[in-house]
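A, B and C label the chains in the order they appear, each numbered from 1.
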Amino acid sequence: MSETISTAAPESVAAAEDFRPLPKAMRLQDVAVSFSGKQAVRDVTFDVPEKRVTSLIGPSGSGKTTLLRALNRLHDLTKGATVEGTLLLGETDIYKGGIPPTLLRTRVGMVFQRPNPFPTMSIYDNVVSGLRFNGIRKRAVLQEAAESALLGAALWDRVKDRLKAHASTLSGGEQQRLCIARALAVEPEVLLMDEPTSALDPISTKRIEELIGELKDRVTIVIVTHNMQQAARVSDQCAFLLMGEDGAGHQVEVAATQKLFSEPDDPRTLDYIHGRFG
Amino acid sequence: MAQVTQAPPELAPSPDLARKPRFRARSDSPYWVLLYAVGAIFGLLIVGFLLSVISESWPAWQKYGLSILYGTTWNQSTGQFGAVPLIIGTIETTAIALFLAVPIGIGTALAIVHVLPARLRTVTSSVVELLAAVPSVVYGLWGFLVLGPWFATTVEPKIQSFWHGNFPFQGQVETSSLLLAGCVLFVMILPLVVALSRDAIMTVPDETIEGALSVGATRWQVFRKVVLPSARVGIVGAVTLATARALGETVAVAMVIGLNPNIAHSLYAPSATIASIIATEFQDSTPNEVAALCALAVILMAMTLVVNLLGRWLINRGAVKATP
Amino acid sequence: MTDVLEQLPKDPILERRELVKAVSARTLRRRSLTSKGMVGLCALAFVLALVPLVAILYSLVSKGLHWWSREFFTTSPAVPSIGNPNNVGGFANAIVGTLVIIGLATLLAIPVGLLAGLLVAESDSRFARMLRSTAEIMTGLPSILLGIFAYTVLVIGGEKWGITFPTIGYSGIAGAFAIGVLMVPIIMKASEASLRSVPQVVKEAGLALGARRSVVARRIIVPTALPGLITSVLLAVSRGVGETAPLIWVVGASIYNPLTWNPHHPMSAIPMMIWLNYNSPYPGFQDSAWGIALFLVVVVLFLNLGCRLLAAFIQRERR
């Protein structure tokens, strides 16, 4: 039993973790995303192990964000966007399994690159907005959830006395943590993070990276990052994507972070890690 | 201490140059004088405008005093100049127009920005703005010759029977009525509400909307709880401008309202607004009567200014609340 | 083993997760239907917004186009006879009247409007800001009030507030004045916007070369903003052409005003003619109002389209 609860601490285990026995939060098979017929990302096949951090890395244009947004069906909003392949959340096919996008998005949450709290709402209202949208109104439930979410985002102590203040009174890093709290409040199973620290200063970045380490007991995390070092620091599993000659990003290699960064199978991965491009 | 800064004698500036500053640019003041003069001319025009309306109305205020403001009979031929029915008529037509234009205008703006295809946006916006280009008198003509008869023969009787002949849809159906004027006014202010609301709604960033969607909101929930509150300031501005426009609309209203300076007892009855009376009673007016009409103009100006100031106050309050 | 598990405190997070799943599934149908319904209403609102436009255009064309003839545009109105109720002549006197009135109004409004626009674009002084707010308010004021202004200072004129105003009586000049004052704030606002939109770097380049502000304005800002300035004038003209209310008090119009190019005389104007025709007891005149209205709308749309095309041209040039 102990092997399955190993953490990603680099100094602890000599061999990289084996994710095979772990339950899979999400599974992707031959996933491709096209916009108006032109492929943006293709040939993506990997599993997202539960309660671990999976990162999507690669140079700009490799389709990481496009792939991420397919996981909570944000492409539904874009006219002309098509998603092919099989994406499973648990046992349900996200696209063909009959689950409405609104429900899907309560189970697969998202944090964006730039903090985007709702400008007209207070901190408290921001955090519980997801619960309210889904029809939960009881004040006791909302308050408990807000506290839990803000604790999870390491923001509770900072804001507990001013929950009615506007979200704009927080600094950038705090606003991003507010967005994380907002996503956590509906207790998703998976949390998608699209370059969550790229718009933040180094100290806030560090805080959020620490947070990710704490959060993975609560939610499975899939994070897109263009910062290799960040991927090495926070993630357990890494998927490396690269833009091919056809202009579409595709999956090159998926492996435990330890292995990907020390002995990758694919030479292109090695090149990327050594900074030869991207 | 060496005087490093002193130039050697042979390089010192020659005496006459020393009298004038060396690089004095040609004066730019004529430019500014011209601009400010023109600005002053504009200012004078404004002042003159205000003065003229107020001073022309002075004899009426002197003669009738504040009874103009609380009198309930306006009858040019008998010399009674109580503006209350006209004030009420003005407010009523504006209210009807706003009641229709605000929801339909905001809905249209939401549709243009978030429901209809984005690439059609310029086309859809332009088409609605074409409505704004149609002159007032053409609206009046259409209202009187097309919309009015349709209302009188079809729409109004149907509503009346549906409402069982109760207030406010009771009474004789006429070709010119308060309801018709309100509806024509609605069509006229609609493009204004749509254009300004659309601008306000477009300022809400996509990321904010995606943030709402990704916690499980439906589209309407996003509109209601995120987009519209964020656009609130702009929408208040739109409604304010539309109200001011509706209050002052003269010709179109005059052509369809029936020009009956009494408080209408039903939406189907004819009525009158301040602006329409100012326009239509001018012909064959004695100077005394002209003064009374100018008094009406002062009242209208005051009403419009109040609406403008109210709008500004609401906007400031809204803006202040968002950033404490 | 199961006893031990049951005694473990239930994880609130997992509980909440189940709660959210349950409630969101339960409320989904209602929320989804509401959303679809309201979004549908928004689309419906858009359609509703188009209906009047289509209806008006249809009426204009179907009722007005058949009036258009050479005679319609070149002759003045005539009294219809019993035998020929539709023989009402044309509205040439109104066309000329509009040309004179709008022409003079534009002549007054362009310098004042553009220069005032330049002032508020270039200066941030208290006076400039006051001017801008005033222009803002002016565009929202009922246009009929401007008719009263022109009536007071030009139609009646006389001694007022220490100045002697000319008494011109009902005339095209008074009408031009009223509409000119109407146009000034429109030109001012729109030209300020396009002057301000000249990129800062371009202005600074001029200043860095040592040019003084007036030269920068004349040689750099104005030429760059020129399409926008022209747009602002076109916008004002399209508005002025359609205005009736300011003229009612001041031009002394009647359907039978003789055609005259002399602005000292009373004259008619196209929108005025529609108004008078509507008021006329002769059904022939009421009917011909459609023909005049169609022409007016065509002119206004043409001017507006001109504005739009210019604006699009500016956008493209800027890229």
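Heads up, the rule we're going with is that a contact is a pair of C-beta atoms (placed from the backbone, for glycine too) under 8 Å apart; a residue touches a chain by one contact, two chains touch by 3 or more.
All figures in this text were calculated on a predicted structure; none of them were measured in a lab.
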| item | value |
| --- | --- |
| Furthest chain, CA centroid comparison against subunit C | A |
| Pair sharing more residue contacts (C-beta pairs) when B-C is set against A-B | B-C |
| Euclidean distance of C-alpha centroids - subunit A vs subunit C, Å | 50 |
| Centre-of-Cα separation between subunit C and subunit B, whole angstrom | 12 |
| Inter-centroid spacing, subunit B versus subunit A (mean Cα positions, whole Å) | 49 |
| In subunit B, residues with contacts to at least two other chains | 216, 218, 221 |
| Contacts with two or more other chains, residues of subunit A listed in rising order | 102-103, 106, 134, 186 |
| Sites on subunit C at which at least two other chains make contact | 24, 31-32 |
| Residues of subunit A touching subunit C in the complex | 100, 102-103, 106-107, 131, 134-136, 141, 144-145, 148, 186-187, 189, 218 |
| Subunit C partner contacts - residues on subunit B that touch it in the complex | 25-26, 28, 30-32, 34-36, 38-39, 41-43, 45-46, 48-49, 51-53, 55-56, 103-105, 107-108, 110-112, 114-116, 124, 126-128, 130-131, 133-142, 144-146, 187, 190-191, 194, 216, 218-221, 223-224, 241, 244-245, 247-251, 255, 275, 278-279, 282, 294, 297, 300-301, 304-305, 308 |
| Complex interface listing, subunit A residues touching subunit B | 72, 74, 77, 79, 102-103, 105-106, 109-110, 112, 114, 116-121, 129-130, 132-134, 165-166, 168-169, 179, 182-183, 185-186 |
| Contacting residues of subunit C [partner subunit A, same complex] | 12-14, 16-17, 19-21, 23-28, 31-32 |
| Residue ranges of subunit C in contact with subunit B within the complex | 24, 31-32, 34-35, 37-39, 41-46, 48-50, 52-53, 55-56, 59-60, 63, 111-112, 115-116, 118-120, 122-123, 127-128, 131, 134-135, 137-138, 140-146, 148-149, 151-153, 160-161, 181, 184, 188, 210, 212-214, 217, 238, 241-245, 248-249, 271, 274-275, 278, 286, 289-290, 293, 296-297, 300-301, 304, 308 |
